[in-house]
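Two complexes come next, and they have one chain in common, subunit A, joined by subunit B in the first and subunit C in the second.
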Partner chain A sequence: METVINMALLTLLAVVTVAMVVQRSLLSVVILASIYSFLMASVMIVLDAVDVALTEASVGAAVSTVLLLATLHLTKTREDMPRHGRALPLLLSLAVGGMLVWGTLVLPPFGTANAPIHQHVAPRYINDVMAETGVPNIVTAVLADYRSFDTLGETTVIFIAGIGVMLLLGGLRRQSSEEGAPEDPS
Partner chain B sequence: MEAFLDFADRYNYVITIFLMIAGLYIVVARSNMVKKLVGLSIFQTSVYLLYLEPAKIVGGTAPIIDPAFTVYSNPLPHVLILTAIVVGVGTLALGLALVVRINEAFGTIDDDEIKPQDGG
Partner chain C sequence: MSSDLILRVGTKLILPFILLFAIYVQLHGDYGPGGGFQAGVIVAAVVILIAITFGHNAAKRVAPRGLVECMVPMGVLIFAGTGVAGFFLGGNYLDYSVLSHDPIHGHHLGIFLVEIGVAVTVSGTMVALFYAFVERGR
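What follows is the complex of A and B.
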């Protein structure tokens, strides 16, 4: 049953992706991207990744969509027709896809409990997490207790990205205030 | 039936790779920068799938310890992808800020129209 629901949601994801590729109105592309993120969150719930699904629904579907819509508000919402051929990118994509398919042929089938990924580090976390941290949610325990440095690195990246956005858009405001509003004392 | 089950076992990889090459195609083939960034996001989310699909055990449950369950999905890919999602929105925000600045400087967000203006 889980496998069938997973397959259905993945098929919907593929359909939405095709719509995004062919759609020329950027507004529609952004809304489709939002739908894509919610579908992705549903897939994550089926895959038992509930914490990731929450993050994807709030960050991927909400924050990303707001950022994209804000950008479209400041720029254009129509995509021009491409000026060069599509043959080369299509060929490149298909070549990469072919290599990836070849690479996945040896991977274990979906949902098997004895796959190598489930043998090594994960049992240690699952067996010892209650004794060592007392946090029943293993994802939270790994994120905040075992691998806090990862989270520190993550917040550093977000901090740097925030500084970058502020510098880029703050410079924009200064420039337009110099040109547009000379009476502004600052 | 046997063929269907075999196909179902591989279907997640097929869709993951399809999303990956669709994202790659958008990034390479389309010249509009907002569309390129959406393509990059599709590529990123396909990598999330690549990590999360193998973490699932059919018949298992979410990795939250409870006496009623014994089989849990692998929590480690969940942690890694949790970090990746947040970093992904950071890169998207920075990219979109660059797009806004490029639109201010060149009056267009289309790669093909910027190149002649930039002397390329």
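What follows is the complex of A and C.
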């Protein structure tokens, strides 16, 4: 049953991706990207990664869609026709895609318990999390406790990105409205 | 402001539940899926929904621009301040064990404070970005 759901979701993901590439109306692309995020969130739920699914649904499908729509409000909503030939980008995409597929060939089979990633620090987290932090959700314990330095860095990144965009979009306008008034007569 | 009655009434009906879900995701993150990041985004979604349905000014009454812009650095301060608190109580930076008399309690408290910090920064940033885009478009 899980295989059928996975196949259906991945097929839909592929369809949405192709539709996004073909589509020239940017409004449709944003909506399709939102659908893509919802499908991805469903895939994450099937993979039992509920925390990631929640993030993907709230950030990818909801807020980033709104922000992209707001961006389209500031720019035009149709993609320009490409000015250069399509041969080189196609070749580059195929080469990168081929290398990624080639890379997956040497990965351990999906879901194996003795894959390297499950042997490093994961057993210690799973064994000691209740004794050390008393938090049953290991994802939260890892994010906010074991790797709180990483999370502090992430929060700082969001802070810097937010300040940067606010300065780019709002700061200039506010400055010009304050300084622009006396300069108008000249 | 949307003139669609169904949209406005539906939004009013659904808003408290979205907010309640955000608080649940925030406070229950230790036991179930969720945490500060997701809760912050859901809180921001509430403000954005108000702005889309009732207009920009209604959203600004709920979340004034000054408050939102203060929230962006405030969360980082809460997060970093939790680390400094551990520093002063005799532990390392971001060591939660010393925050309370019992190490497990200290870890609970530390994670709680840190998640609050993340939620404040994330919700503030998302709403501030939305405001910046909307006001730029006028």
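By our rule, the second predicted complex is superposed on the first by the 168 of 186 C-alpha atoms of A that agree within 3 Å, B and C clash if a C-alpha of one lies under 4 Å from a C-alpha of the other, contacts with A are read in each partner's own complex, and residues count from 1 in each chain.
Operating definition for what follows: contacts are C-beta pairs under 8 Å (C-beta built on N, C-alpha and C of every residue); 3 or more make two chains touch, one makes a residue touch a chain.
From a predicted model like this one, the values you see are computed outputs, not experimental measurements.
Of the two partner chains, subunit C is the only one touched by A:Gly134; subunit B is not. Of the two partner chains placed around the shared chain by superposition, subunit C is the only one that A:Asp145 touches, whereas subunit B remains out of contact. Contacts of A:Thr104 after superposition on the shared chain: subunit B is touched, whereas subunit C is not.
Of the two partner chains placed by superposition, only subunit C is touched by A:Thr156; subunit B is not. A count of residues in subunit A touched by subunit B and by subunit C gives the higher number to B.
Contacts of A:Val21 after superposition on the shared chain: subunit B is touched, whereas subunit C is not. In the superposition on chain A, A:Leu47 makes contact with subunit B only, while subunit C stays out of contact range.
When the two complexes are superposed on chain A, the residues of subunit A that touch both subunit B and subunit C are 50-51, 55, 59, 63, 67, 70-71, 74, 136-137, 139, 143, 151, 154, 158, 161-162, 165, 169. Contacts from subunit A toward subunit C in the complex involve residues 50-51, 53-55, 58-59, 62-63, 66-67, 70-71, 73-74, 132-137, 139-141, 143-145, 148-149, 151-152, 154-156, 158-159, 161-163, 165-166, 169-170, 173. Taken together, the subunit C residues at the contact with subunit A in this complex read 25, 29-38, 41-42, 44-45, 48, 52, 69, 72-73, 75-76, 79-80, 83, 94, 96, 103-104, 107-108, 110-111, 114-115, 117-118, 121-122, 124-126, 128-137. Interface residues of subunit A facing subunit B in the complex, by the touch rule stated above, are 2-4, 6-7, 10-11, 13-14, 17-18, 20-21, 26, 29-30, 33, 36-37, 40, 43-44, 46-52, 55-56, 59-60, 63-64, 67-68, 70-72, 74-76, 79-80, 82-84, 86, 89-90, 92-94, 96-97, 100-101, 104, 107-113, 115, 117-118, 121-122, 125-126, 129-130, 136-139, 142-143, 147, 150-151, 153-154, 157-158, 160-162, 164-165, 168-169, 171-172, 175.
Subunit B contributes residues 8-15, 17-22, 24-26, 28-32, 34-35, 37-38, 41-42, 45, 48-49, 52-66, 71-83, 85-94, 96-101, 103-104, 108-110, 112-113 to its touches with subunit A in the complex.
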